[in-house]
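Same chain, two partners: chain A is paired with chain B first, then with chain C.
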Partner chain A sequence: MLPFTLLIIFCAPIFIVLSSLFGEYSDNWIHLYNYVLVDYVSSTIFLISGVSVLVFFIGTITAWIVTNYDFYGKSFFEWSLILPLSIPPYILAYTFTGLFDPFGDANNLIRNIFNLGSDVSIFPNVRNIYGAIVVFSFTLYPYVYLVSRSAFLNQSKSMKESARLLGLSEIGVFFKLSLPIIRPAAIGGLMLVIMETLSDFGAVDHFAIQTFTTGIFRTWQGMYDLQTAMQLASLLLLAVGLFFILERNSRNKAAFSSNDSSFRPENEIRLSNMKSLWAFLICFIPLFIGFILPITELIYWAFESESSFINQKFIQTSFNSISLAIISGLLTAFLALIINFSIRFKPGTIINRLSSLLSIGYAVPGLILAVGMVQLLIYIDNNFLDSTNIVLTGSIFGLLLAYIIKTYALANSSIESGYERITSSMDDSSKLLGSTGWGMLARVHLPLLKTSFLTATLLVMSEVVKELPATLILRPFNFETLAVSTYIYAAEERMFQAASPAIAIVLIGLIPIFFLSKMIRSSNKLG
Partner chain B sequence: MAFMRKILYLLLVSFLSEIIFADNVNVYTSRHYDSDDALYEEFTKETGIKVNIISGKGSALLERIKSEGKNSPADIFFTVDAGNLWKVQKEGLFQSIKSEKILSSVPAELRGPNDEWTAVAKRARVIFYNPMKIRSSEIKGLTYEDLANEEWRNRIVIRSSSNMYNQSLVASLIANLGEENAEIWAKNLVKNFARKPQGNDRSQIIAVSNGEADLAIANSYYIGIMLSGSAGKEQQEAAKNVKIHFPNQNDRGVHINISGAGILKSSPNPVNANLFLEFLLSKRVQKYMVDKSYEYPIVKGVLPSSEISSFGLNFKEDNTAVRQFGELNPKAIRLMDRSGWK
Partner chain C sequence: MGDLILELRNLSHSYDGKEISLNNTTLAVNKAERVSILGPSGSGKSTLLRLIAGLEKPYSGTITIQGKIVSSVNQMVAPEKRNVGLVVQEKALFPHLTVAKNIGFGIRKNQEKAKIISDLLNLFKIEHLLNKYPHEISGGEQQRTALARSMAPDPELLMLDEPFSALDKELKEELYAELDQIFKERKQTIVLVTHDLDEAKVLSEKQINLENT
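What follows is the complex of A and B.
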C-alpha cells in the first residue's frame, strides 16, 4: 500500500497538468494551429533527432574506447568523461555565445592573434538550432556514456574474441557485435537525454529557437493563456509517454544483457602510438567542448568581474544547494528502490504504470511542473492543514517534492538496471533462508544494489544543484540556491557577475560526479 | 518506533515554511537587480522592517499569488513588465494606493486606472545608430512607423518576438494605429531585418556598432550598462560607436515601458507595504536606483545616471499606451506570429 500511496502523491502534479486536456480549448488553438504549431513541432523533432544521434555516438564510442583499449590518458578519461554532467545546458549556451558571437572572446582572440579587422568572424553563428544540438549533446552525453560503459564491461570477452577470430575488424566488432548488444541500455540513457532536452527552456530561449517548450511559455507568458500552455505541455507529455512505452516494449523483447558473473575481466588491447593519439583525441573532444571550454570562459568572466563573490551570502547559498541536493538525492533513490522492489514481486500492476508516469516528470518543463505543484500544495494546505495559513507552499517540503518528481526518472533508471542483475534465483534462495518481504530488501537487495543506489543518489544530486525554474517559484522567502543566484544575473545577461555562482554550481555539481567517478575507477562493474 | 516518529515529525515541521510574525514586508518580484538588494537592506536599516523576497518570472509569481488566494503572504508584487501588473489588476488582486506622497509624485499615466499600481522606474525603447554610417538627414524625425519603409531593407536588427519589450512595443502600435495597420507595419519591418532575430538587446547594439546592421531597436538602459564598463571593455568600446535616436518626437513620443509595483488586497502587512513603496519613490532612493540600473526615474527633479543623461533628457514620451500593453499583449503576439517575426 505504501508504494502505491507515495506514487499517487508524487504523480498528482503531473495529473494536474494533464487534467487541462479535459478543460476548455481557447481560440488560441486556432491561431497556434494556423501559424506556429508546425514550426514548434518540426524544430523540436529536428532538435531531438540531432541530439539523439550525436549523443548516441559520442556516448557509445567513448565508452567503447575506454573499456576496450589501453591508450595514453585512458584512466583519466574513464572518469573525466562524465564531468560535463556538472554543466547545465543553459550555462554552456551562455558561454557558447560569449565565445562565438561576432564579438565573442574566441573571435576576439583570433582577431588579435592574426591582426584581423573587426568585420572578420572565424567561428560560425551558434545562435541557431545546430548550436542548440551541440550544447545539449555535449552536456548530456554522459548519461549514455555511463550506461554504455557498464554494459560494455559486462560483455563477454570470449564473444569478442570469437568475432575477431572469425575475421571482424575492430570497427566491425563495435558496430556489428558490441553496439547491437548494448543498444537497449544505451537507449535507456538516451531517453533521459531526450527528456532533459525537451524540458529545457533556458538554452533554447537564449538561442531564440522556437521549440515546443518555448511555445508553451510564449502562450502562457505572452498570450496570458495558462490553460492552453498546460494543454500544450500535456501533449508533450503524452508524446514522451508513448515513446516511453514503445521503448520499454522494444527493450523487453531485446533482453541481451547476461547475468553470468563468470566472465573474465577484459584484457585491454594496447594501442600503437598513432592509434593511441586518435583514441586520445576522440575522448578529449567531448571533454573539451562540454567541460574545459565553458569552465575556462567562466573563470575568465569571473576574473573580469569586479565584485567579490565569496562572502557570508555565498556560503549560505552553497549550503542551501548542497543540503537540498543530498536530501532529495537520498529520498528519490529510496523511493525508486521501494517502487522497484514492489514491482519485482507484483509485475504488471498499476504501480508499474504509475512508476513510468512518474518518470515522465523529467520531461515536464520546470515552470509548468511548478504550477502543478503550487496547485497541489495549496489544495493540501487549504483542505487538510491549517485553513487560515499557508504552510506547505513556499516550504522546503514543497521544493523537495518537486525535485523528487523532476528527478525520479534518473534514480529509477539506475535502480532498475541494478535490479536487472539480481536473478530471481537469488530471491528464491533468500526466501528459503528466511528473508522475505521488506527483510529481503534490507538484507539481500540493498547490499547488492549499493552501487546502483549510490549512482541514483548522485545523479539526482547533480541534477538538483542545476535545477532552476521550479526552485525559483517554490522556494521559501529569501532562500537562494546557486542556480537562483546565477539566474538573477544571467537573466539580464550580466555574465561577468553570473560567472562566480555558475562556477560554484559546477564545483558543487562536481561533488557527486567525483564520487561517481571514484566508483568508476574502483569497480570495474558499475551496478 | 515512537522515537523515529518524533524525529520525522520534527524534520517535517522544520521543513514547513516559517510563519512570519515580526515586522516584515513580503515582496514577490520579477525584478532582480543586484543593486536592489542593497536598497532593501537600507529600508530595513531605516524602518526596522525586514524585506522578504521571492523572485521569479512575473507570470509564475502571479499564478502563485492567485493560487494562494486570501492566505497569500505576499504584500507587494513588483515586476518589470506592465503586462503582468495589468493582469493582477484585472484579477482584482491589488488594493488602491492611498499614499498622498506617492499620488502626488507619480504622474497619473504611470499608475493603474484606480491607483492599483505605480511605476517605480521607466525605460524607453529607442533606436540605436552609428553616426559614422547614417547621415543625420536620414535619422532626423524617424518614427517607428518609418522603420517599415523600403529604404531600410535588410538594415534593421531587433530581438525575437518572445521578448516582452517587443510585445509591448507592438501593443503600443496596435493602440495607436489599429490592428490592421500594425500588422502591415510588422510584415514590412520583418522584411527589413538584417538577420534572424537573435540575442538580447545588447547584441543588437553591438551589431550596429560593428556594422552588421544600420539600426537597432533596444531598451535605453542597456547602453548605460555597456558604457559603464561593467560588461567588459569590448562592450564599452562598442557602445561608444553608437548614438540614441528618440523616435516619434513630432507626434506621440518614444515608447516607454515601466518597472512597477502594487500592494495586494490580501496583504498581511499593508502599512509596511505602503512604507516600502514610499521608500522606493523617495527622491534619494530613486536617484540611487537609476544610477545603478540606468533606467529613467519616475519622480520629478531626479536625474538619470550621467551615462544616460548624455543622450539627452528633453524627449517626448508616449504616454498613451502603458495601461493598454497588458490588454493588447495577446493580440500583439498573434500579430507577430502572423507576420513571421520569429
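What follows is the complex of A and C.
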C-alpha cells in the first residue's frame, strides 16, 4: 500500500501540470503563442545544442587524456576535473558577469595593469546566450567526463593496438574507435546535462535569456497566470521526458562499451615535455573556468564585502538551508531504504516497478515541480484541511515534499547499489539466527548499509542546498535559504554580499564531490 | 634463400629499464615462411611480437622489415606504417562494429573493400555472420573474424600470439586444417607464438625455441 500511496503523491504534481494542456487557454497563452513561444523554443534549442557540443568535447577529450597518457599533473586532474560539479550554474553565471562585464574585475585588472582608458573593454559581453552556453558547459561537463572516463578505462588495450596495426594513428584511434565505442555512455551523460540545462532558472534569468523556465516564472509571477504557466511547463516537461527516455535508452546501449572490462590499460603513454604541457593545459582550462575562477572571484568578493562574512543573516540562512537539507536527506534516504527493503522480500513484484517510477522526479525541473506542488497543496488545503487551522501551501511541508520527490532517485541508486552487496545467504543466516523482518533491517542490513545510507543522505543534502527555483516558489513567507539569498543579492547586483551564501553552497556541494573523488583515487590504486 | 621479410639483430628489451624481458635475440624470416616461436612463460615471446609490431621500443638492437629499419634505439616507425598484422588470444574485436565492418576496418580506403570482405568471409566460412556483432557469435567465430580482419590489409607479415589457447581441442584442430590451407594458398608469412609444440608443427615449417636464439 505504501508504494502506491507514494507513487500517487510523487506523480500528482506532474499530472496536475500536464492536465493543464486539456484545460482552457487564456488570452495570455494566445499572446505567448503569437509573440514569444518561438523565441522560447529557438533559444532553448540553441542553448542545449551549444552546451551539448561543448560538453561532449570537453568531457570526452579530458577523459581520454587522463586515462591514456602519463603527463604532468595527471593524477591530480583525474579527480579534480569533477570539482566544477560543486558549482551550480547560477553561481558561475554571477561570477562570470562580475568578472567580464565592461566594469567587471577582470576588465578592471587588465585596464590597471596596462594603464588603459575606462572605455576599453577587453573581454566580450557574456550576458547573452553564448555566455550561458559557456557557463552551463563548464559546470556540467563532469557528467560526461565521469561516464567517459569509466568507459575509456574499460576499453581493451589490445583492441586499441589492433586498430593501430590496422592503420589508425593515435588520434585516429580516439576519433574512429574509442569515441564511437563510448558514444552511448557519453550520450547518456549528455542527456543529464541537457535535462539540467533545461531545468535551470538562475543562470538564464541572470543573463536575461528567454527560455521556457524564465517564461514560466514571468507568466506566473509577472502576469499572475498560473494556468498559462502550467501549460508552458507542460511543454517543457514533455521535452524533458523525451531526453529522459533517450538517457535510459543510452544507458542500456552503453553495456557493450564496457564489456571488455577485464582488460585495463597496463601502461599509459608517457608524453614528451611539449605534449605534456598541451595535455596539462587541455585539462587545466575546464578546471580553471569551472572551478578556480568562480571560487577566486567569490573569495575576492567576500574580502571586499563591507559587512562581515559571517553576519546574523548568513547564520540564519545557513541554519535554514542546512536543517532543510538534513531533514530531507534523512527522510529521502530512509524512504529509499524502506522501499528497497520491501523489494528484497518480494522481488519481482509490482513494488519493483513502482520503485523505478518513483525516480521520475529527478528528471522534472524544480520550477515545474514547484508549479505542480502549489496546485496540489491548494487542492489539499481546500478539500481536506478546510475545517482545520493547518495550511500546507507556503509551508515547510510542501518544500520538503518537493525536495524528496526531486532527489529520491539519488538516494535510491545509492541504497540499491548497497543492497547488491548484501547476499541472500546473509539474509538466510540472519533468519536462522532469529532476526527476521524489521529485526533483520536493524541488525543486519542497516549496519551493512551505513556507507550507502550516508552517501544517499549527503547526495540529497547537496542537491537541496543548491536547488533554487523550487525553493524560491515554495518557501514560506520571509524564509530564506542560501540559494534564495544568493539569488536575491545577485538580482539586486549586490555581488559582495552574495559571496558568503554562494561560498557556503559550494562548500556543502563539495562534500559529496570529495567522496566521489576519493573513490576515483582509490580505484586508481586498485587498478 | 628467399626474400627476407623480417630481420631482428641483437634485439633486447626491458619494460622498466632494469629487468631484461628479451635478451640479444636474432632472427630472420623469409617471404611465405611460417615460423613458430616457442619458449617457457616469461621468455619474452609476446614481447617479441609487440616489438615487431612497434608497440614496444627496443632497449638495443634493430628490427628490419622488408629491408627498412623500423625499430632501433633512435628510430621508431609507427605501428600503422609497418604493414604487419597481429592476432592475440583475446581477439580484440571492436564491439560496436559488425563482423563485416570489423573485417573492413583496416581497408577503409581500398577500392575493392567489398570484394576483399566478401572473399575473407567465404575463406573463413563466416559469410552467414556478416551482420552479427562480436557478442552474438561464438569464440571460434570470433577468432576467425579476428584472423580475417588481420589479413584484410594483406600484411607482409602476420603475427599470431597464442591465438587458439582459449579454444577447445576439437575447434582448434578444425581451425588448424583450415588455416594451414589458407596460409599456403595465400603464401602468407607467419610468425606464431605458442607454448603448444603440436600446434607449432601443424602451422609452421620452422620452430624456434626463444631461449636458443
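Basically, the second predicted complex is superposed on the first by the 340 of 527 C-alpha atoms of A that agree within 3 Å, B and C clash if a C-alpha of one lies under 4 Å from a C-alpha of the other, contacts with A are read in each partner's own complex, and residues count from 1 in each chain.
Note that contacts are C-beta pairs under 8 Å (C-beta built on N, C-alpha and C of every residue); 3 or more make two chains touch, one makes a residue touch a chain.
Just so it is clear, the model here is predicted, and its values are computed rather than measured.
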Once the shared chain is lined up, is A:Ile181 touching chain B (first), chain C (second), both, or neither of them? second
Once chain A of both complexes is superposed, is A:Phe207 in touch with chain B (first), chain C (second), both, or neither? first
Have a look at where A:Met159 lands relative to chain B and chain C in the superposition and call it first, second, both or neither. second
Let me test your reading of the model: by the given contact rule, A:Gly167 touches which partner, first (chain B), second (chain C), both or neither? second
For A:Glu24 in the superposed arrangement: first (chain B), second (chain C), both or neither? neither
Please determine whether it is chain B or chain C that touches the greater number of chain A residues. B
So the chain A residues that chain B and chain C both touch are none
Touching residues on chain B, where the partner in the complex is chain A: 12, 15-20, 26, 32-34, 52-61, 63-64, 67-69, 71-73, 83, 87, 159-160, 162, 164, 167, 196-200, 202-203, 206-207, 210-212, 225, 230-232, 234-235, 238, 326, 329-330, 332-334, 337-338, 342
Contact set on chain A toward chain B in their complex: 28, 31, 35-36, 97, 101-103, 108, 118-119, 125, 127-128, 205, 207-208, 210, 214, 217-218, 220-226, 304, 306-307, 367, 370-371, 374-375, 378, 381-382, 387-397, 400, 469, 472-473, 475-478, 484, 487-489, 491-497
Across the complex, what residues on chain A touch chain C? 156, 158-159, 161-169, 172, 177, 180-181, 183, 256-257, 259-260, 263, 267
Residue numbers of chain C touching chain A in their complex, please. 15, 53-55, 78-80, 82, 84-86, 88, 90, 92-96, 105-106, 108, 133, 135, 149-150, 153
